[in-house]
């Protein structure tokens, strides 16, 4: 593969990312399934990089899941998003950084709609006012949180404790990146590297010593697709998409998958278990799965956070083989203990997937 | 007692042969179906047996069918068949007259000249001697022709002769030796002891003038007996198995045993009844147009008999019936070929259930254009016009959503599937309530007649038009057109419809007689029965056939089959190709 | 394996040319070389007696076989009545009828 | 010295154009035509593609050109004998008794349209409402499109590749111009019959010339011509004398049946009888498709295997008008070089 040619294409798609003072919009899925991930992000930005991030307890879901499942009308979602902007404005921030790819896509879409149709923006002002008596200003800068990490990837690399390298052999870890569809497929110019060759995650991987894997189904959707997963009748189609990706990446023997979309992280992780239960197939080495990390988790590991502190025990696919490769010390007993040190009990063991 | 050790080879050979033949035939006949065996028993004591005897005389002995191919060839075969037969029969009578006992040993007649002291006269002994010499001369003349044929086959009316196996050539040599050796043995005997007649006696004296015939004659009888013995022993494994088998086959055939679609015992009889005379070779257009030389029935049957790979030959046959028409043994060559085609279609309860039961308006006359008819709308239009002109009310069975008659499937061996299609079509035809079924397609015509079991009159449109003309319902006017008629295989050879088209053509045009008239017509090359040749080969075959017809310089080439018409129309020619119905419609 | 999930993994609809069994296609090419001449004009299917009454589509079936999608051919081929009309209309000179025989034969041998 | 003389057989587009170019270059020309007027197949055409210019305008231009004083036009006559004494001397007898002599021979015998009645399943000559593209041009000239029953057709089908690309007719070649002719004729039909449904049945749309693809787009977009990818297998006639056609809509994957008020067969090109006769007379080799084989497909397109005998236009292969005119001029150039003895290549 001619990487230089690829980088030529990326060049056209370089977006502006604010330097500091971010208003943080949490993700429904991420905070539910990978809560440690969001905590790690806030901690890295605040304590390691010295940035100001405002984590507003008042903000709500963007209703994106409902919107994409055709149960929330566009006026409603616009009003909800306008409220987020209002909260941001009230808090004195101008740069919004959603943690969720779907939220990011929705914000982008809405801002674009308002730009093309000012009358709709006007109407949203009215709806918001009627509903909450709030006023809002549009954010000056919209970036996904992975964009922010991408922006500071070299700063993180400078502080790294562990590189993305197999410490036993010195081989760079092979990392499959998976970009959420709504990151750049709708508005390619809003993603780093555009829709075809998004560089946001591979940029991090490269900066931290890993080796991004380019495989045939790299751009394929994880299969979540909202209605496709949420409606049981369509779920077979949903999982088939992930399976297609796994089959395509397996020959490259990736060390882990990195994603920037909460939904993708969850599906790529959990479907590995489902597929193994349904068909007996596993995709990692020796009956293990391929670990799936969010970019926050990856950054945290690089910076030397404790794996259980950032919630890696919440993953279905075990991360221990990865930790061992990277030479990260962990306490196996601590895996199933909560923050207070109490035993949480152990999940039932899958039939086929090794944990 | 007349005995000499030299008869032993003959007797051993003859006895072993007889035992072998009886065992083989009994085994085959036992494997006949119960119905077939019943038929045989029913017909055994009837005029049919006499008819079979007559046929054996005409075909196995006189070989009268071969005379159609060439008188020389016919004479040659007759010399062997009839000659040998007469030699045995007259010899037997001679021996009886001499010996006056019915139960003289079988070798006695054969070696009569050896056992009979020449000076001992008996009633008509001179006549018998003369007759025996005459018959021997006849056989020897046939032998000379056969030799000649090996060298210059074309002069005997055959462009190509059969390629034989080495083993067959060996036994051929043995056969050819029999009569010259007999001639020598008798001549030498005559030379030393007298006897014989104009041939052996003269030859005996001639040989005696320079040969020690006294000491040569006895060894020569040994040779004669041995040659006969060897011939009998080799016969079951050679093509000469046809001699006894053909006779049994003729009886079985006359008693009503039919070749069905499966390869059965009667097929075996036919397989062994093939004499490999090779008359089918020249008939086959696959040979004459395409240079294919392994697929003709003689080779096909040979391959089956000797268990060679004949998978390609199964498919590579036009089933035009030209070989069958020419076969002197009257073998069912098409059916034999078909019996080897496997049924590949899987039949389930859903097979062809998609075929709808059409609603057919009722009428006295039903018209079935056939699948191919829909690709030649000119034929359909002409038929419509003729029906209208003759004031016939008719119903058009396959005007919409017509289905196949089933014959193309049968021709490919798929009888089971075809039977379902047949049943569906049959219902449609019966629903029309028609008394006469007219079809434009000879292929459909054949199936309707053979497989539909319809209790109504089935006519091809040539027959029907001929009938309309003779009934005075159509009044065509004679035109000055010179027409040549290509009789479709299935119509002329297949169903024997040769008169009607000629009557019709004579009424509307000036037909030019050709050597391809009637059952000798060529195949157009479009045959659906051939599953092997490529479209290019088909084109070449049809081009050759077309040129053969066009060499008579007709104004129009007339046929009576949509498939023939379409096949011939492939190449651009100045002579138009029309269906007989179109010619009549144009001149009505 | 018990399916406690209420769904199964959808099989891929894509023609997986790498994985598909192309021996049927090869057999067809070998036995009926003219089958390669097809340009998919549909003349055969239009004139087809069986095709008028069912979803039997000889153009599509032979194309599926060429791509290694053999299953459908196995299911459908027996709808053909072998009437030979397709042979007469093919503008490319594909020996359609022989192609069908070849397919039937192969299906019979392979128990497809 | 007398000017050199060139005999041209066939005063169609190629013949007229080549005659004029040769005359302008100082040669005298004997131009032989079997019809009463020059113009050839162009005389049957109403409008040209892709610019929809009147064919009559071009025809008049060509006819004016052949009035050049160095051109002697022999109409209503055909050659009965051609004698080639050597590469530079030809004598030709005409059926009117005239004898022409020349120093080079140009064969511009053009093409004949396919005899549609050979494609019996389409019913030309059997069904009343089946016509050929040539006949449709006549309809256009009369500005009236009516069915045999005198009605304005509501649905018209144009059938591509009739007699071209058809193994069953032993014509393997593509006639090149029928696709674009169908597009043009469909547009003309639309102008005369704004409410009719017009469909083109095609195997491939081969839009090879400048402006052709654009015209195809225009036909789809502005003229609402429907294109069906499927070859017609057979046609029949119903009681109302309409044509019922069968094809497979291959893009849907289902057989389709449709009633047409008028069916137009886009007949292809075949080597003309004149070409065949000349080729036989002069022993010119024929290409497998029956057209005269040029000396070389790239650099000797106007030469033949016989030195001094040249060929231009549709006598060598199906061509559109543009290419025919170009080919004629190229032939004039090649003949000029040949006669002046300054050939650049052999």
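By written order: A, B, C and D. Residues from 1 in each chain.
The working rule: contacts are C-beta pairs under 8 Å (C-beta built on N, C-alpha and C of every residue); 3 or more make two chains touch, one makes a residue touch a chain.
Here the structure is a predicted model, which is why all the values come from computation and not from measurement.
Chemist: What chains touch chain A and also chain C?
Modeler: Touching chain A as well as chain C, we find no chain at all.
Chemist: Please tell me the distance, in whole Å, between the geometric centres of chain A and chain B computed from their C-alpha atoms.
Modeler: Centre separation, chain A to chain B: 85 Å.
Chemist: Chain B to chain C: how many Å between their CA centres?
Modeler: Centre separation, chain B to chain C: 40 Å.
Chemist: When the C-alpha atoms of chain A and chain D are each averaged to a single point, how far apart are the two points in Å?
Modeler: About 66 Å separates the centre of chain A from that of chain D.
Chemist: Taking each residue of chain A in turn, which ones touch at least two of the other chains?
Modeler: Answer for chain A, listing residues that touch two or more other chains: there are none.
Chemist: Where does chain C touch two or more other chains at once, residue-wise?
Modeler: 47, 52, 85, 88-89, 93
Chemist: Could you say which residues in chain D touch two or more other chains, in rising order?
Modeler: 121, 167-168, 234
Chemist: Which chains touch which?
Modeler: Between chains, contact exists in these pairs: A-C, B-C, B-D, C-D.
Chemist: Would you tell me which residues of chain A are touching chain C in their complex?
Modeler: Interface residues on the chain A side: 232-233, 235-237, 239-240, 243-244, 274-275, 277-280.
Chemist: Sort out for me which residues of chain D touch chain C in the complex.
Modeler: 121, 161, 165-168, 203-204, 229-234, 246-250, 253-256
Chemist: Using the touch rule from the top, collect the residues of chain B that touch chain C in their complex.
Modeler: So the residues of chain B touching chain C come out as 315, 342, 344-348, 351-352, 354-356, 371-372, 374-375, 401-404, 406, 408-409, 412, 414, 417, 421, 526, 528, 531-532, 534-536, 563, 566.
Chemist: For a test of understanding, state which residues of chain D touch chain B in their complex under the given definition.
Modeler: Within the complex, chain D contacts chain B at residues 115, 118, 120-121, 123, 126-127, 167-170, 234-237, 270.
Chemist: Which residues, counting only chain C, touch chain A once they are in their complex?
Modeler: That would be residues 1, 3, 5-12 of chain C.
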